[in-house]
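Structures given as structure tokens follow.
The two complexes that follow have chain A in common; it is paired with chain B in the first and with chain C in the second.
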Partner chain A sequence: MSRRRPPLLRLVGLFWSTSVAAEMEYRTDFALAVLNSGFGLLTTLFGLSLVFGDGPSFAGWTWHQAMAVVGVFTILEGFTRAVLEPNLGQIVRHVQQGTLDFVLLKPVSAQLWLSTRGLSPWGFPDVALGVGLTVWAALRAGAGAADLALALVPLAAAVVTLYSLWFVLATTSIWFVKIYNVTQVLRTLVEAGRYPVSVYPFGHRMFFTFVVPVAFLTTVPAETLVGRGSWAWIAASVGLAAALALAARAFFRFALRFYTSASS
Partner chain B sequence: MIARALRQARALLSVRYAEMLEYRAELVLWMLAGSMPLILMGVWMKVAATRPLGLEPVDFARYFLVLFLVRQATVVWVIWEFQEQVVQGTLSQRLLQPIDPVWNEVAKHVAERFARLPFVVGLVVLFFALYPDALWVPRAGALASALALTVAAFALRFCIQYTLSMMAFWTERAASIQSVWFHIYVLLSGMLAPLTMYPEGVRAVAELTPFPYLVYVPVAAALDHPAFPVDVPRAFAVMGAWAFGFVVLNRVLWRRGLRQYSGMGA
Partner chain C sequence: MSVGSAEVVIHVEDLAKHYRVADKQPGVVGTLRHFVRRKHRLIEAVRGVSFDIARGEMVGFLGPNGAGKTTTLKMLTGLVHPTSGEATVSGFVPFRRDADFLRQITLVMGQKQQLVWDLPALDSLRINAAVYDVPKAEAERRVGELAEMLTISDILTQPVRKLSLGQRMKAELLAALLHRPTVVFLDEPTLGLDVNAQTAVRAFLRDYNERYGATILLTSHYMADITALCERVLLVHDGRLVYDGDLAAMVARVAPHREVEVELEQPLPAEQLAALGEIERVDGCVVRWLVPHGALTRTVAQIMQTLPVRDLRVTDPPIEEIIGRVFSEPAPGAKA
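What follows is the complex of A and B.
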């Protein structure tokens, strides 16, 4: 059966099942991960309720529409915890210890290996909670099945965009070596995506649309969900994701030319 | 004995300071990773501009700028280092030194503060250049009590996190406990908004915990604004009591933990 699957998918399946099996050694962590997701969500919703005050809406968003943004943010947070952190967060370690050599020697794309080798189940509670909240909030905000289906497009684009930003930043460790925390800066900036981008003043909004495209990560998918999206924004988010994915790949190849391995 | 302690402190601090200077780029990145208050500043300035809160947008700009500074001055990361030392067994070497291992960690944190300072000052200057309306000169008394409260907040936060670190003797992932703690800290410390804007019930609960003293109280003391009243002597007393409790708990756990510790060489 497994022989009929394409070999790359089989490889990723093996990577992930072994990673999850290894993480299962730390089962009490799972309880903590669930607590962590719960408190994280509670904190965000509480912050949002303070911003809304007693009013029915703020900056053009109703409470349920804004909750859809929180839901999308929580999904992306789970993706970060499950996939980005355990993989791209390790690139700096491979560079520092010289083990990137072994990765480059493997008969598989180095980018694929570096991006899919690990999978942390501790991101799953966030993904589950995020999907639940997003669907619930979208339905309460009056979304139909067509909106939910269409929102998958900007959501997929958001995942690719976030991955590409992480990958580019993690790749810079080939030059700078000791920058464990460069992705931490990105994580902080992405936190701005807990709220719809229109709650920010003009300067912030420009920054979070054109410099660090947080608006495309959570606001555009949520707008599509609640049926107030526009084709222009959806097209822009897909275009941005494609451009960033290609740029990330080119940047990685370029960076590798500067990699002086541990043994040479 | 005091002379010896001073000598040790000087040696530890100068070594750690030199070490921190080596990683200046990393320090700048850590500083930027703490820029959440500057993001929330934008939200609240907009809220203040759209509905009457009794506070002007500029008040929020100051609140979150001071909050950013207090957070920069009270960053603590001891749990990750301690967990690593226990899991890898490097704590054993530290135990052989004729000084409690905690002082090494304290020295790292204090030295890092000084290494980080120039970058933080640079960012504040940039902020006021971009937004001159927010510039104000705090009263000397307010500034002095805010500084003292910030130092106390750092000490208290260190005591709490070092106590949580002791869990590393029993679980390999003590840092997961820290991340749950951090969410509650964000919720109750006044980081999301000034504590005075919280609903009465949440605020009453928050005041029973050490969290507001770690962020809100030093910020309020610096702002010296009638909307943010703060009882400075009482704050010191409460922080002292919390710190005392955590130090006692810490020493109990430390003794038990060392008996449990089975790292290489132990």
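What follows is the complex of A and C.
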């Protein structure tokens, strides 16, 4: 008979409050994070303005609709910085230093621990800027409250998809130990999500839809947001997220069988 | 060694762990060869080890580096899957990592830390209390009690990075024992600590064992840890168990003599000294005899009565030397 598991929300709340407290020891980092977010956003918008320099629309997207894509991308960047990096980025270190042992010895899901133990407030400025830009651009593109509410579904699916891809790659460190580069490659590929996937040539579109599903990360939520989405794409994004989440979990369990623990 | 009728908490039978590791020659040629055609080699870290440990026992796990001690501990805590054989701890199969099993055990590793570096230990302890489902009031009571036993009540609010190595190790012990595990695995818990901190950690472990009846399996390079805490030792060498039994009995068998060193008022003729027993060394007024355990009291009494003694000391050969002898000549009845 298994005893009651500790209330997960309370646990995650504790994880995050201690994690933020640890980060707050370094105050100047916050100012740098705000500057970094603002500068990154301005650079993207400048690039977008060059693309739209020739007319009011490009590859079927208006300026405001394309800005909604940038907004969704910025939210995901913030999520990456706030949650994925401080957690999944640490898995490699845990494997190298052998501290994964402590995680595996705890009577809670190791995946939950590895995915939620840290929270970096330095991703918050990106999330705030991204949400602000997305809502503003969507409203300017003629979106209504229903569009905004419906877009939360593919956006949540995008978060789960991105997390699952990162988690699978981070899990491979159990075999390969040094996989910083692999997650860096994923980050670079996800950069393509700054722009609607239809701006890319056919081959790239196929790659970003079916191989590295960047289209589901930013384009599908943004399309839903500005009223260009379809139920089929929303369903596909939810299905993809669910499949990847289950696959990531199964893959992690499989990988643990090969964990040999760093020698003392 | 049998644990008799006592309740067996740790049962290990024919346990083995083999690793496949890359084998690379040094130099540029070796590197290129390794890149093109990778060679692997099988390491038999643990080879068919069997033993039982009863509830409340404190057992020392000894062996040179690479003998298989840590690998065995990791199999017993469920961190590493055994290649073959059987292990149960409190009736659980460790590698299944059942939550109820994990609540009953802990692993303290002298060279790894779980406390958050930038925060006071209390923050990490709050997390551990939540993870192990210890109610807040009970957690506070336990922290108070363990902190008092470890004499670290006043440092729990300081960031861990500001603590000395000894204080940090004590805080690590507190974090590892907050859920009050009944089976405690310790891997080099006093590594790098100064003599005072080592003594304090030993005293704490003995106290914890007595108060809560915990079963403790301990590896250490410091023989003083083992002699102070464990009556029974398991000696592993090259992945095999070469001795399982009473520490004192092993010492008596492998080193059947004790050393009696006497400082005399003045030098005496060798034949007068030899009449009292086997002389190991004579250096002016200082004489050292090797005396069998059974003859110790009689010989010491004779020396005191017949010789002009200024000072007398009775010592054992260093335990490291004794262990070395066991490794070089597997003891009779050793388990392979």
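As a convention for this text, the second predicted complex is superposed on the first by the 256 of 264 C-alpha atoms of A that agree within 3 Å, B and C clash if a C-alpha of one lies under 4 Å from a C-alpha of the other, contacts with A are read in each partner's own complex, and residues count from 1 in each chain.
In this text, contacts are C-beta pairs under 8 Å (C-beta built on N, C-alpha and C of every residue); 3 or more make two chains touch, one makes a residue touch a chain.
Remember, predicted model here, so these are calculated numbers, not experimental data.
Contacts of A:A149 after superposition: neither chain B nor chain C is touched. By the touch criterion defined above, A:P107 reaches chain C but does not reach chain B. By the touch criterion defined above, A:V182 reaches chain B but does not reach chain C.
Between chain B and chain C, B touches the greater number of residues of chain A.
In the superposition on chain A, A:A243 makes contact with neither chain B nor chain C. Of the two partner chains placed by the overlay, only chain C lies in contact with A:T99; chain B stays clear of it. By the touch criterion defined above, A:R10 reaches chain C but does not reach chain B. Remark: chain B residues 23, 25-26, 29-30, 32-36, 39-40, 42-47, 49-51, 171-173, 176-177, 179-180, 183-184, 186-187, 192-193, 197-198, 202 touch chain A in the complex. Those residues of chain C that touch chain A in the shared complex are 19, 70, 74, 77-81, 97-100, 102-103, 105-107, 109-114, 116-119, 123-124, 126-127, 130-133, 159, 187-188. Here chain A touches chain B in the complex through residues 26, 28-29, 32-33, 35-36, 39-40, 42-43, 46-47, 50-51, 53, 55, 58-59, 176, 178-182, 184-185, 187-189, 191-192, 195, 199-201, 203-204, going by the rule given at the top. Chain A makes touch with chain C in their complex at residues 1-6, 10-11, 14-15, 18, 21-22, 25, 97-99, 101-102, 104-108, 257, 259-261, 263-264.
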